[in-house]
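Below is one structure, written out as structure tokens; the observations come after it.
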Amino acid sequence: MPRIAVVGAGYWGPNLVRNFQGHKDCTELWVCDQSKARLDQMRTRFPGLKYTESYDEVLKSNVDGVVLATPVSTHYELARRALERGKHVFVEKPLASSAEHAKDLVSRAEAAKRTLMVGHTFLYSPPVLKVKDLIAKGELGRIFFVTTMRVNLGLHQKDVSVIWDLAPHDFSILFYWLGERPSVITATGKAFVVSGIHDVAFISAEFPSGTIAHLEVSWLAPSKLRRTAIVGDKKMAVYDDTEAIEKVKIFDRGVDFKDPETFGEFQLSYRTGDIWSPKLAQSEPLALEAGDFLKAISDGTTPKSDGLMGLRVVEALAAAQKSLEQGGVPIKL
Amino acid sequence: MPRIAVVGAGYWGPNLVRNFQGHKDCTELWVCDQSKARLDQMRTRFPGLKYTESYDEVLKSNVDGVVLATPVSTHYELARRALERGKHVFVEKPLASSAEHAKDLVSRAEAAKRTLMVGHTFLYSPPVLKVKDLIAKGELGRIFFVTTMRVNLGLHQKDVSVIWDLAPHDFSILFYWLGERPSVITATGKAFVVSGIHDVAFISAEFPSGTIAHLEVSWLAPSKLRRTAIVGDKKMAVYDDTEAIEKVKIFDRGVDFKDPETFGEFQLSYRTGDIWSPKLAQSEPLALEAGDFLKAISDGTTPKSDGLMGLRVVEALAAAQKSLEQGGVPIKL
Amino acid sequence: MPRIAVVGAGYWGPNLVRNFQGHKDCTELWVCDQSKARLDQMRTRFPGLKYTESYDEVLKSNVDGVVLATPVSTHYELARRALERGKHVFVEKPLASSAEHAKDLVSRAEAAKRTLMVGHTFLYSPPVLKVKDLIAKGELGRIFFVTTMRVNLGLHQKDVSVIWDLAPHDFSILFYWLGERPSVITATGKAFVVSGIHDVAFISAEFPSGTIAHLEVSWLAPSKLRRTAIVGDKKMAVYDDTEAIEKVKIFDRGVDFKDPETFGEFQLSYRTGDIWSPKLAQSEPLALEAGDFLKAISDGTTPKSDGLMGLRVVEALAAAQKSLEQGGVPIKL
Amino acid sequence: MPRIAVVGAGYWGPNLVRNFQGHKDCTELWVCDQSKARLDQMRTRFPGLKYTESYDEVLKSNVDGVVLATPVSTHYELARRALERGKHVFVEKPLASSAEHAKDLVSRAEAAKRTLMVGHTFLYSPPVLKVKDLIAKGELGRIFFVTTMRVNLGLHQKDVSVIWDLAPHDFSILFYWLGERPSVITATGKAFVVSGIHDVAFISAEFPSGTIAHLEVSWLAPSKLRRTAIVGDKKMAVYDDTEAIEKVKIFDRGVDFKDPETFGEFQLSYRTGDIWSPKLAQSEPLALEAGDFLKAISDGTTPKSDGLMGLRVVEALAAAQKSLEQGGVPIKL
């Protein structure tokens, strides 16, 4: 049964600590942060854990898995060192700040036969799982396209664009659902508030199967939107994370081709049918995610959100950012 | 007081007939269509108008203005001939099927000192007028960007893409609100149902002032969306045409820059305030549009939706279509 | 094939004329109104019908069915005279302004073997039919209760309370769904704007089966609500007529009783499952209603919204009004 | 600076502990519960507080204020004893299970010159405060009526009806807004799931000023509704607690009387104007409530939700329950 160290106790770290602490398979839990003040806060809230200001101490310990909730710019260095010490590594999304670094981590984990997992939490959320299930069972048919909006008046990041901040969610969901990686990415957008930091972006992606996707991400929007439409040739679905109850709706709608009775013109007809909102599981995504890491360490299984997923997401982010900076030129992957 | 002939009594023509017939300034109204059956239908519904199957007869008559509600491919030829006979011309949107034809019509109308008007009806709709007013008065501040969605499970056109079918609405609204034309247009999308006829498109536009815009148009979507967000540096607005009452909402939200007290870092703060949904006029856009054409004929005034607006929209459509067909390459205008 | 006369060409009459005119089984259609001006308007809109200012002429003619769209206060007199002349009679809702008059009309129609039908149009509307179907098939289980709201800033009637104006809709729907009449009715409310004319009312009804119902009707409300909840012991449904698409939703929710493992305490558990919005037919209720009257005349069948339904609605309205005027005292029927 | 003891650490108690603990004016905090297991749980979560299983110990201590979060049936006894020991008392809603007990507590607190406060938390919630402000400033005009719905598939109480469970919220809000107590109450409803425990109720209340109110409370409803409409003769408002952002909306709508130009008929006209959703404060109601109790103890001020408010709510609950049990007969207060 694994011993875990959560590194970084800032905004997101405490959520990871809470979930690993609560998991029956986690025998020992460390919290590591450079700030003594933060450690003290954590100690009050979670008495009974191990606390240290030294990452080296974590690496030298008998901890099995390291969970990195530190700034993106530190991911590569910290993860590499942990892999070198034979630790299994969980990195918060995105995996790294460049495709090269992400690729290097994937190779190192493979070589070291250690689990590399990335914190794409949405892959464990009930509505995302439900849509995956619908697609896998063929209920929606062949997927024509997916559009997604993730916008609201949100916190500007200081060092990365809205693409690196918000699009990791949508790319990971897309790649999970579609089971393929994009071949071309195009992005437009702009930096309105802070020079050089794009706060609005529109991203198009094309996949080898013919499916296309479109992402809108923004820190500047009048109201919060978290809406994804999935259009298949049989049915269509909407996943709206701002809805309290009906987060996933399946529309029995589509275009039918009728056999032309006479030679010549094709015949289209539109089908509109029932709308169905399935009940979703009540499970907490972070708890499932923590469990997936613990299981990977114990059994050697591949976690759903593995290093390869993390790498693909980083490649897509880098391509989108590049297209954006070149005025919307399509970038091949 | 003008005499008017509506040419084309198919899907849209009857709406124009109804509105010109009902207008106090329209002394005489003709209806022209090649199909005798359609004319008979119209005659039953609107007794007391003049009916003819011959466009020549219209051109030879003392009719002052010709209103073309015929297929796009016929616009150029029919409008050119009417201008040659000294008629004022109203053309349903889009003005023509190529920028060259649109430009030629604008030149001819200028040379002939005749009104050339295009049926961009949204320029006469109360919510669009209200947003124009908000922008003109500076209530929203400098406009950062506009995003718009016009999607649902809609009728496929046989000969034109979804861009030519739906984007005329959004481009005309945008150009009217912003008072400028785009410098670059990028579009991605795909033809899923009928080969060669794109049924989904994502269009980005950049304007000289720095404002950007993004349009999503689709005939394949699970539910009807008609939503436009206008983000300014002072306030933000949403225009949602599917709302029964609150079609326009103004959000007193934005990003404020605080004077840094110390040298160095900028300071951002987020402002969220009241939301306000102004009462809109109840006027029928088509009636205002018909009146604008009649007034232009009588007084020589320039209609709001003039030939130049029509030309700019056609240029934008052509650029978007070109980018789409070239895989998303940015097109300069 | 029946000859029909629509009497009263005010607010609602023209809708009836349009639907009878369009029906294939209506061979001849008369329009009768005391106002020559109104008849002239109708003549322009519907050329080819018979027009008269004299109700006597209608009664003397070979017209088979008379459709009364006149003020409620005239219903009894006009309907009685038509039945005396052997005409079939369709009366707009409510059937009469007192239970006595309604009862008398029902008796006379029975004695004369003529159809007496009442214009409770909602009994022909697709969402109401769908809910009836759900109840009839037992999908909702035993019906615990029904609550309904019909409110907005609406036109005050000059001579009748909001109960007589709006509650006929809800009572007719309720009686159709439940297949029974109430045993007790209680109502509270008040006249705020015009003395003596109640503009807000809250009505409770109890049925012999144990089902209860509650109606809120108001001319004074900030926004339009047309919402009915039907709670059964198996499932629950919501019928919301202000929704464009999902007018009916079925919630797989309820309370389950578990067999107590030990003697003693009952065990309740709550079930929340899928939500399902069935596709509804697109038929126009008024066309179905007109067809039902024409069929009743031709075949002698009983229309769905027959005189008995009309009588029960009037009895309920009278009881509610009485309770209201007595400060909410329960009235037995 | 007051010393406080929270008594009862079940469902609600921990929320009170959290808020008193976090308040700067609370010098010492005790937690008292009969269950050692519960105390142990609390001790882990809130280290550093005083814990006891004995209410007597609390009463004998130098604690200034006792906060009762115990079952309703125990309120009277525990509160009475605390007042006898000279403690200030805060009682969770409802104050007592009978009007007699509630009245007795009010008298005792007055005699002992001690604060008696009741936990009607909604009186401290930002949307309720905003509506109070609108009414107080006359923005809505004279209040015609208030309707409120508080329904969903909720937990059945074992010993009290839905009226005693849910209506305390609505009655306290109403009395706070209107500043008066009802003169007559009527209620209908039924016990569907557990015999004798009403799970659905419809309550009408009449106030001396002429305002009326209507409450719908239910544990059996397909979806959660928390909607209150406030209709004044100038404007109308809706308070919807299920809305994330626009919890309060003001509708500039109403009925205007026009001066009749000729003698005779009154003239009504309908006014529909802007809709406005004011920004609400972000304060946590429970923190304000805790502060109000602490301030009352320190300064001798009367808390907003005082014993008299608690008494009036209990009187209304008792009257509604009585009417319900008598089949809807109006009960005078």
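A, B, C and D are the chain letters, set down in written order, and residue numbers restart from 1 in every chain.
The rule is simple: contacts are C-beta pairs under 8 Å (C-beta built on N, C-alpha and C of every residue); 3 or more make two chains touch, one makes a residue touch a chain.
Note that the coordinates shown come from a computational prediction; the quantities given were computed from them, not determined experimentally.
Steps from chain B to chain D, minimised over paths through touching chains, total 1. Distance between Cα centroids is largest for the pairing of chain C with A.
Counting C-beta pairs in contact across B-C and across A-B gives the higher total for A-B.
Averaged C-alpha coordinates put the centre of chain B at 43 Å from the centre of chain C.
Per-chain CA centroids place chain A at a distance of 39 Å from chain B. Residues of chain C in contact with at least two other chains: 223, 245, 272.
Per the touch definition, chain A reaches chain D in the complex via residues 44, 47, 223-224, 242, 244-245. On chain D, the positions that touch chain C within their shared complex are 144-145, 147, 153, 155-156, 184, 186, 188-190, 192-194, 200, 202, 204, 206, 210, 212, 214, 216, 220-223, 229, 231, 233, 236-238, 249, 251, 253-255, 266, 268, 270, 272, 327-330.
Looking at the complex, you find that chain B touches chain D at residues 245-246, 252, 272-279.
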